[in-house]
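Look for chain A in each of the two complexes below; its partner is chain B in the first and chain C in the second.
So, the complex of A and B:
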């Protein structure tokens, strides 16, 4: 549009240019074009387009400024310590390296990093096979009406608020699992590496496994919808060619369609992972909120970075030195960096396959 | 899977004996020219697993809705949506419902205008490296967890600017979350408007603003609407960015933008469910039910609106 406007002079220009007054009118018209609504529109929309980028820079700057003293004092050991001690917030604060903090304040991020990664990993392991299976069935096998129904289901699942999943997880799913499922699983698992984490105290339904499963349900929409849209882009001719070679429809689906969109499917899973890493409310409700200790097994109480920020921010203000709030800023920065890297990886992978509109939006 | 091609070429009328000699272990076709037993089993097992997965996706959804409805419906009173919450847990959720609606409307106005304008710029003017910088900035913003935005909103707006818990702080935080979605869907929709439309408008000598308003943006209306609906759904369901920006109050939302907290539905679910009083617990379940119903209504409305706008733009 802009290009066309630049090339084409106003329609009446050649005639108008003949006389002096006409030339003036033409000049006025072109100056209006230059400074009038054309540039107004361009600037107004340009400012709006700049806002998200400015906001992003502002967010990172605020977080970094707030977190910097905490980063200095917590040091690199912050990432592998397992401790959560706000210190004596009633006593006189002390200064170390120029940073004011309560006596004995000591924070470590390891339990929360482990909790965040482990619960998201459980979510992905649970959600991805289900999502790929359902997407395959809907695209390659089931009638169109079933695809509409699944689409509606995914839309609903994506729309249900996080707190409602949390409520369901803590009141319904957790108790059922800890009564009927976890003890049975724990009793049959052998004492060998990896499977050992399925053994031991199964708790009361609050903990890593329940949080992971609730997260899994919550990321199904984004993984399934993205995979479905990718599978629909596999060219019909390629699939028909494979069928003409004698492949059954399952072989076409598993040996042609899936490899065709493999990178995109990995991208969809990583997109789901990014969503799980940042999910807050549902995890805060079902995790059991344990601070400072890495859970001993898969049923143990835990916390994630996001759930801890939301639960601790209120109490952090009882630390008059502001050190607790600064440490939470360091956690927020850490979480932002983790999800940022995951998102970038996912989008690169999905874009490799789907050059057109990316399926943004919450899931569907 | 190269072999079945050769085997499959056997005339349909050929008897089993034609193939008998070729069929060894691992043959891809059986005596009757059908896919071998192993292939049929694999196919059956594969599709069976896929169908099972499809069914399993429905289980948690129905379970969640059933669980919420099962707790809320038995003690449901219509006063829940007409009375405001009292400090003892009596009353209803009128202030939370009104607050959620105010937040939704505010997001549509604030994030809607910024998002649509931003999408227009990205589709019409942003070229080259500036365009991709703006686009990736917006995408990165969409990927930041909502609790991080809530934290920054609290530090910068509630405390830094002394707005206290307020509508303005909540709206700005929610808008940061939703603008990228609106901008993206507007941009994608505007890019799909045929160039001929723009050339036609230019040939008619339409001013640029008129072209945008009556031609390109109007043709992109379904996409813009989808983006706005996603933003509405987010403002309905988010809690983390609101907890420390909107605060909470038992009163109905007022007109002041700052220094006045706003109640909203997700707060009721999050805070009331583990209160000792059953009145509060019941309110929590009621709020969850109202949320689920609102999500359902929103999905139905969005289908209707998108269908309507599509019809509208096609008839033009």
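So, the complex of A and C:
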């Protein structure tokens, strides 16, 4: 119909000039053409809007289908077991509950869940304060040219491939920290809850802390750039009001500017967190790739879900029953769910913070 | 003089008023000496000499762009941070230069408070807004916070409206209430001089009247300098009026005289409404 309508006007246009019935027909045709195009547009935009949803549902569904036998066999205990045993992949496979698997195959996700959450938490705790500092410097302190240069460095940092960060972490950062920093920190920490995890064997630079710090450096650009854009939205009038009360620059920033953007700051942190949760290569290189054991302290070797999937995939294919690959699919599903839950939690938090305080740009 | 002398909201007179002021002998609070200032190559103000008398309301009037705001902001050094700002000449507060090398900016702003053209509450609760300056200057201990909040909100006539939501956001208040909150916040640190930059230009007539009455009630304990577009407001509340035109101080006189018998022809044209 749309096609026919589109062809109509050229033929009828001369008649339209002649007036009368011809004109009426042309008008009708052109209005039909318009509605035709509108509804086509509506379909197109509708489909485009649905695409992300379809992609998400599709990916999760395919993963779930692939992982289903492993989920059945691994059971709920999967989430709190600390074990990684592919079983005897050379012997004859056996069938349990209708799922074919190597004898003795046994998997648990707890160490990788802990590793994923802990390394990402360290990354965010490290990156957010630094990013706020950098963003404040760019927006409030530095002369235009210097802030331009700093911004450029942040963009360069964002563009560096993660394998380069991984190499830097394993060749430079890890060794330096494990030689000069970790032992000193471990020796002064008291034996009390939480701080206890800073004590003990500090290792050789491969492990949770190094992975978290490398991830932190990797997410600084995105968090800092977002924070900078947020701070630029704080009204000058509000900051001047604080300065006019005799507040120092630091007080203006900490009491007024940062609170003004705190809802947005949560969003910025989650952007960084999401990247840290899913980061694969850099973590694979600096984590120490420990399987089946929860790291003993903050310096211990560990693994994350993403890094383990990429490192174990090759070996998983040697499991002729396919059970190892199905278990990796279950891990992938788990990672997707963790990321999703993080985002939902962030949204709820943003709503709460924004409701009790002040949305940017409102008021007066 | 057609001023509303009696405040509508009965605010307590401050205890720290020097007896000498009450006795009617008025000194000079701020003295502006041959001040010129600008930004980069632009000269915004030049050749300003002015005495701001203690315990009086001084009104600054003049067409838009004549430099009233810029001048007001030079009295608490708010221009310092503006890009390419420069100044010549001097401003004295109680005889001491506020631009002197050792002068403490934070201390100056504690003594010379400011309320802006539009309300600018901070992103914190109503109570915390009042306390923001009190905390920054460590004026009082925690145990006094409640009393300070109540006293200041009562002083500006906002207590009844907000006493049941002290911990909620100030952004839910009306524009007028927000401006009163900003006034209370400025008063909470006990300034000697209060600078008001068209504080009622975005407000309704009733709130405007409130703020005018409040300004009257603040003197003579405080010295008030108010920029206003509203000539009626200048006549109603000020003791002296300064007329600015194109970055210069054209005339400064008792308010009644400036409006009824101006010396300068430009002043006459402006106050009779024949100039923008």
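Operating definition for what follows: the second predicted complex is superposed on the first by the 286 of 364 C-alpha atoms of A that agree within 3 Å, B and C clash if a C-alpha of one lies under 4 Å from a C-alpha of the other, contacts with A are read in each partner's own complex, and residues count from 1 in each chain.
Following the convention adopted for this analysis, contacts are C-beta pairs under 8 Å (C-beta built on N, C-alpha and C of every residue); 3 or more make two chains touch, one makes a residue touch a chain.
None of these values were measured; they are calculated from a predicted model.
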May I ask you to decide whether A:44 touches chain B, chain C, both, or neither, giving the answer as first, second, both or neither? first
Using the touch definition from the top, say if A:235 reaches chain B (first), chain C (second), both or neither. second
If you stack the two complexes on chain A, which partner ends up touching A:243: first (chain B), second (chain C), both, or neither? second
Tell me the contact category for A:92 with respect to chain B and chain C: first, second, both or neither. neither
So, does A:167 touch the first partner chain B, the second partner chain C, both, or neither? first
Contacts of A:336 with chain B and chain C, given as first, second, both or neither: first
Does the superposition put A:53 against chain B (first), chain C (second), both, or neither? first
For A:281, select first, second, both or neither according to whether it touches chain B, chain C, the two together, or no partner. first
Looking at A:260 after the superposition, I want to know if it touches chain B, chain C, both of them or none. Which is it: first, second, both, neither? second
In the superposed arrangement, what residues of chain A touch both chain B and chain C? 242, 245-248, 251, 255, 357-358, 362
In the complex, chain B touches chain A at residues 1-2, 4-5, 7-8, 28-29, 35, 39-40, 42-43, 46-47, 49-54, 56-58, 60-61, 63-64, 67-68, 71, 113-115, 117-118, 120-122, 124-126, 133-134, 137-152, 154-156, 176, 179-181, 183-185, 188, 198-199, 202, 205, 207-209, 211-212, 216, 226, 230, 233-234, 236-240, 243-244, 266, 269-270, 273, 284-285, 288, 291-292, 295-296, 298-299
Under the touch definition given earlier, write down the residues of chain C that touch chain A in their complex. 76, 78, 81, 105-110, 113-114, 116, 118-124, 132-133, 136-137, 168-171, 175, 178, 182, 185-186, 189, 202
Per the touch rule above, chain A residues touching chain C in the complex are 235, 237-238, 240-248, 251, 255-256, 259-260, 262, 356-359, 362-364
Chain B-touching residues of chain A, taken from the complex the two chains share: 1-2, 4-5, 8, 10-11, 37-38, 40-42, 44-53, 55-56, 58-59, 62-63, 66, 129-134, 136-138, 141-142, 146, 150, 152-157, 159-168, 170-173, 217, 220, 224, 242, 245-251, 253-255, 274, 277-281, 285, 306, 309-310, 313-314, 325, 328-329, 332, 335-336, 339-340, 342-344, 347, 357-358, 360-362
